[in-house]
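The structure appears right after this line, and notes come after that.
By written order: A, B, C, D, E, F, G and H. Residues from 1 in each chain.
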Amino acid sequence: MSTKQQWLIYLSGEIHSDWRDRIQEGLIKNGLPVTILTPVTDHSLSDDCGVSILGVEDEDYWKDHKGAMVNAIRTRTLLERSDVVVVRFGDKYRQWNAAFDAGYATAKGKPLIVLHDPVLNHALKEVDGAALAVAQTPEQVVRLMSYVIEGKL
Amino acid sequence: MSTKQQWLIYLSGEIHSDWRDRIQEGLIKNGLPVTILTPVTDHSLSDDCGVSILGVEDEDYWKDHKGAMVNAIRTRTLLERSDVVVVRFGDKYRQWNAAFDAGYATAKGKPLIVLHDPVLNHALKEVDGAALAVAQTPEQVVRLMSYVIEGKL
Amino acid sequence: MSTKQQWLIYLSGEIHSDWRDRIQEGLIKNGLPVTILTPVTDHSLSDDCGVSILGVEDEDYWKDHKGAMVNAIRTRTLLERSDVVVVRFGDKYRQWNAAFDAGYATAKGKPLIVLHDPVLNHALKEVDGAALAVAQTPEQVVRLMSYVIEGKL
Amino acid sequence: MSTKQQWLIYLSGEIHSDWRDRIQEGLIKNGLPVTILTPVTDHSLSDDCGVSILGVEDEDYWKDHKGAMVNAIRTRTLLERSDVVVVRFGDKYRQWNAAFDAGYATAKGKPLIVLHDPVLNHALKEVDGAALAVAQTPEQVVRLMSYVIEGKL
Amino acid sequence: MSTKQQWLIYLSGEIHSDWRDRIQEGLIKNGLPVTILTPVTDHSLSDDCGVSILGVEDEDYWKDHKGAMVNAIRTRTLLERSDVVVVRFGDKYRQWNAAFDAGYATAKGKPLIVLHDPVLNHALKEVDGAALAVAQTPEQVVRLMSYVIEGKL
Amino acid sequence: MSTKQQWLIYLSGEIHSDWRDRIQEGLIKNGLPVTILTPVTDHSLSDDCGVSILGVEDEDYWKDHKGAMVNAIRTRTLLERSDVVVVRFGDKYRQWNAAFDAGYATAKGKPLIVLHDPVLNHALKEVDGAALAVAQTPEQVVRLMSYVIEGKL
Amino acid sequence: MSTKQQWLIYLSGEIHSDWRDRIQEGLIKNGLPVTILTPVTDHSLSDDCGVSILGVEDEDYWKDHKGAMVNAIRTRTLLERSDVVVVRFGDKYRQWNAAFDAGYATAKGKPLIVLHDPVLNHALKEVDGAALAVAQTPEQVVRLMSYVIEGKL
Amino acid sequence: MSTKQQWLIYLSGEIHSDWRDRIQEGLIKNGLPVTILTPVTDHSLSDDCGVSILGVEDEDYWKDHKGAMVNAIRTRTLLERSDVVVVRFGDKYRQWNAAFDAGYATAKGKPLIVLHDPVLNHALKEVDGAALAVAQTPEQVVRLMSYVIEGKL
């Protein structure tokens, strides 16, 4: 009759730092019943998957298009399944797909946690405004999940 | 081929009496296949969670706001998962969050059980009107679940 | 990688004949992976549950109302969970709750099987028109589930 | 900036008494901004429409089926559009399509008004239990709409 | 090709002060294309509507129940139609129906504006947390609608 | 805390070649956590199921109708459950049911993979346009699932 | 207080015969309040729209893709708006987009009318099975709408 | 009986160039029945609206938060109403709110047109992948709407 249900969290966004690992370590260390779902985080695989599987393209645009669509099979399915969506914005690249995922999650009514440095506060104000929590470190995300699941601070 | 499915019930509302414990005891005693889901019921943790995890605030308003949002990650997720929502109104505090949860559950089409003393009947008439059962004691909630799940009176 | 998924069927309607038992026996005999869900089929329990648990009423109308609502906690939850809804119309009583369930299931997009004697064909034409199958015997319902799940005739 | 919005009400059920006319007269007399939607209420047209338009059938079952489906084009469209659904149960026939419409409207979240003599209370308890109002006369339905729209008793 | 669309706002909550009139006056003065929708705001009519139309009750509980249900025909229909929901909490009564409406609107994805004195901040933190704006005066609500519709400050 | 969730894929369309077997073999060989769901792929069973279970019909039209409806109990249930829908178009028959399933899956927001020879590209352009991937061989579908689930090329 | 509401019907499918004109003429002649919505029915415009507006493509596949997507802006929007969807199958071409639209409309709960010669009955049995009416001539569609809207045969 | 329905398009994204004006001019010149909906496009008003109406904040974060929420009352309401969503990405700023809107529109099933220079193709591949059309100039958007509404190239 425990309230310790399994939680699925989807970790969207930045793929060039170790934030997902740090969240995973923290969740394991705290013994939290959380399943982590992610996009494919290998940049070149993610870029090449479309043409590698479905055939080469002469135009970069269609290469990108094919790849984006194949990745969407994974990302939309896992995002739909998740209980909580965490979106991380780093300091490189445009990361429009991260913001896209945040908008998608919001429209689907998923609780949203945004993770970024305070320097991005103004630029991300609409995304933050749709979130239930705005964190600055992966450790805060772990603490959020610990509180949310176990009621501990 | 049994009809004894697992049921999830969310127990919202009053956090200063032992009504959740009494329901849990009754469910265990009757061997009912019910998983209880609850908000964080520690008043001060619930008030402090936002600033404790995400950083202090000078203004009480934003401290409250941060805390309410963090709690919402838990409450909305568990409320969405639940089969039945029980909302308890006690004799202290305004308990607007309890009434908010009742409205939320109603809009989501969740079967609603309201639990309160008859003295609150008039004040709660709109909330009671949205419920499938209005109980006065936790033991009645146990009997409701026993009947609903096992068809026994 | 088998397609032998578990199926949940809700058996609504007539409570004064053995049609549910015959379907259950047939499903067991065929070893079909089906979980049967039903309303409370004890007529007097079903009538008395409201006042027995939540307090007596002077007026028959409110006794009935309380009982109907308590039963709805079970019926709507199980109906929502089910994959297939079977509604049986017998030769006694008005059975408006059976037709109500058929309309409810239709609006929720649940595949509907209706079970009744041909003599009721004209009176049930709107209900039959919303069904994916109209059967005359419980054994036909078993054969339907056998075909639907295992692809065998 | 008036609150006098147009209301659409769908009048389902009994077609052998003048209850729809009495509601219409009452609404006109009170100058209420209500559009009445109904099924086709001519019994023989309603029975014959399928075969008359789409070709004769040897079997009564398929004649009924074709007719029920053609009528459903109208009834489901108008029922979906309506703000309030009124379902009338008379003293003749089984009227399972009326109960079907009540279940359909409930599942779609439409406010439901049921109209019948008290003698049917017990048989209709599940349908009444899903309603926001249970009336005994068409004039009460008019008074309900007058109160609901104009706030007058 | 103007963006000056018509807006519907539902004004829920307190019925013993002139806040609705002040909002209406402000909207008219600013020539804003807003239609105001409200519950029935006459306290005694709202209490008596059920028994007055549908027949007296011996028990206060059922009198209240009937009235709450009749009022729900109006409130849920208008709340569903509205683009924006404003909920006002005053200093009297429990106002659980106001909080219920806020929860209902939130679950339906309606933009929510909450209106109350700062002294209620802590007690309303969960309701405020679900809102897109928390105002203290009716004039602020008018300014919000003026900005939202016409982009003017 | 693995992302290796179970995936359900529904394989719709052509029933006269071995494409489903080849996908199944490939998935097994790669040890992928995929459950395959399919319609009944025995052509004559699929044609006869309606009349065999529910009674013979004189008219071919109604024989077909009964069969199509019985098959729909299975196909709609499994299609709704699936995470990904694969629709195969071969070189025989009209295969309108395959295109129907593709439209149904699209409207339900299911990720769609279409599988066909390039010679059908122009005729299938609207169906392909709704897909996240257009493959030419069953092996490509296996590689898609391998990438989508395990992030491997 | 008339039931003569405006109806929107979407006419999908075959573009090489005059069936849409015959339906339109019939509707006008009967003075029926119906707005007809259609895809772009000029075959070459429909094929070329993508590259003509958004830039040429070397590959036929991407030319088709671009065109199909641009047409989808229109077809999905109008199909969503429509009250009734009519899908016509002729004797030429594969017409998979027609079957796709039928599946899409079914999943969205739109009343579906299918229009085709009896010779296609067997091939279209799944599509017909999802329809509320199966007509053979445009004139029957007109009679259906006349009955559905005005209750006349 | 014309298909010339009114269309609502929401123009999201870049606010520092004249792209909205050019679309509006083109639509007017072509006499297209399109209503343009937009966010508030005055940068400083959009930044200040929260504190200007609802009270000043010491912290920039909360100033931004209040403003973003007030703007969301408008943007989400208009985006929900629109038939087609156009999102423009320019060469300045991060424009995460534009990508957020694209994700939101996609999750709501709105036809999406993305407008940007080819140099952004790779960075926007996930957003483009969710679109039905990717345009480079406002004039192409006008031509798209002209084709979509009137079937003219």
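Some notes on this structure:
Please note the rule applied: a residue touches a chain if its C-beta (ideal position, glycine included) is under 8 Å from a C-beta of that chain, and two chains touch if they have at least 3 such contacts.
As the structure is a prediction and not an experimental result, all values here were calculated from the model.
Across D-G and C-D, it is C-D that has more C-beta pairs touching. Relative to the C-alpha centre of chain C, the farthest chain centre belongs to H. Against reference pair A-F, the listed pairs B-E, G-H or F-G yield one interface repeat, G-H (criterion: more than half of contact pairs the same by residue number). In this assembly, B is the chain whose CA centroid lies farthest from the centroid of chain G. Rounded to whole angstrom units, the spacing between the C-alpha centres of chain A and chain H is 24. Chain A and chain D have Cα centroids separated by 49 Å.
The distance from the centre of chain C to the centre of chain F, with each centre set as the mean of the Cα atoms, comes to 30 Å. Contacts with at least two other chains are made by residues 69, 72 of chain H.
Here chain A touches chain B in the complex through residues 1-3, 5, 7, 83-84, 111, 113, 131-136, 140, 143-144, 147-149, 151-153, going by the rule given at the top. Within the complex formed with chain C, the residues of chain D that make contact are 60-61, 64-65, 67-69, 71-72, 89, 93-108, 118, 120-130.
Of all the residues in chain G, the ones that touch chain H in their complex are 24, 27-28, 34-38, 40-42, 45, 48-50, 52-55, 66, 69-70, 72-74, 76-78, 81.
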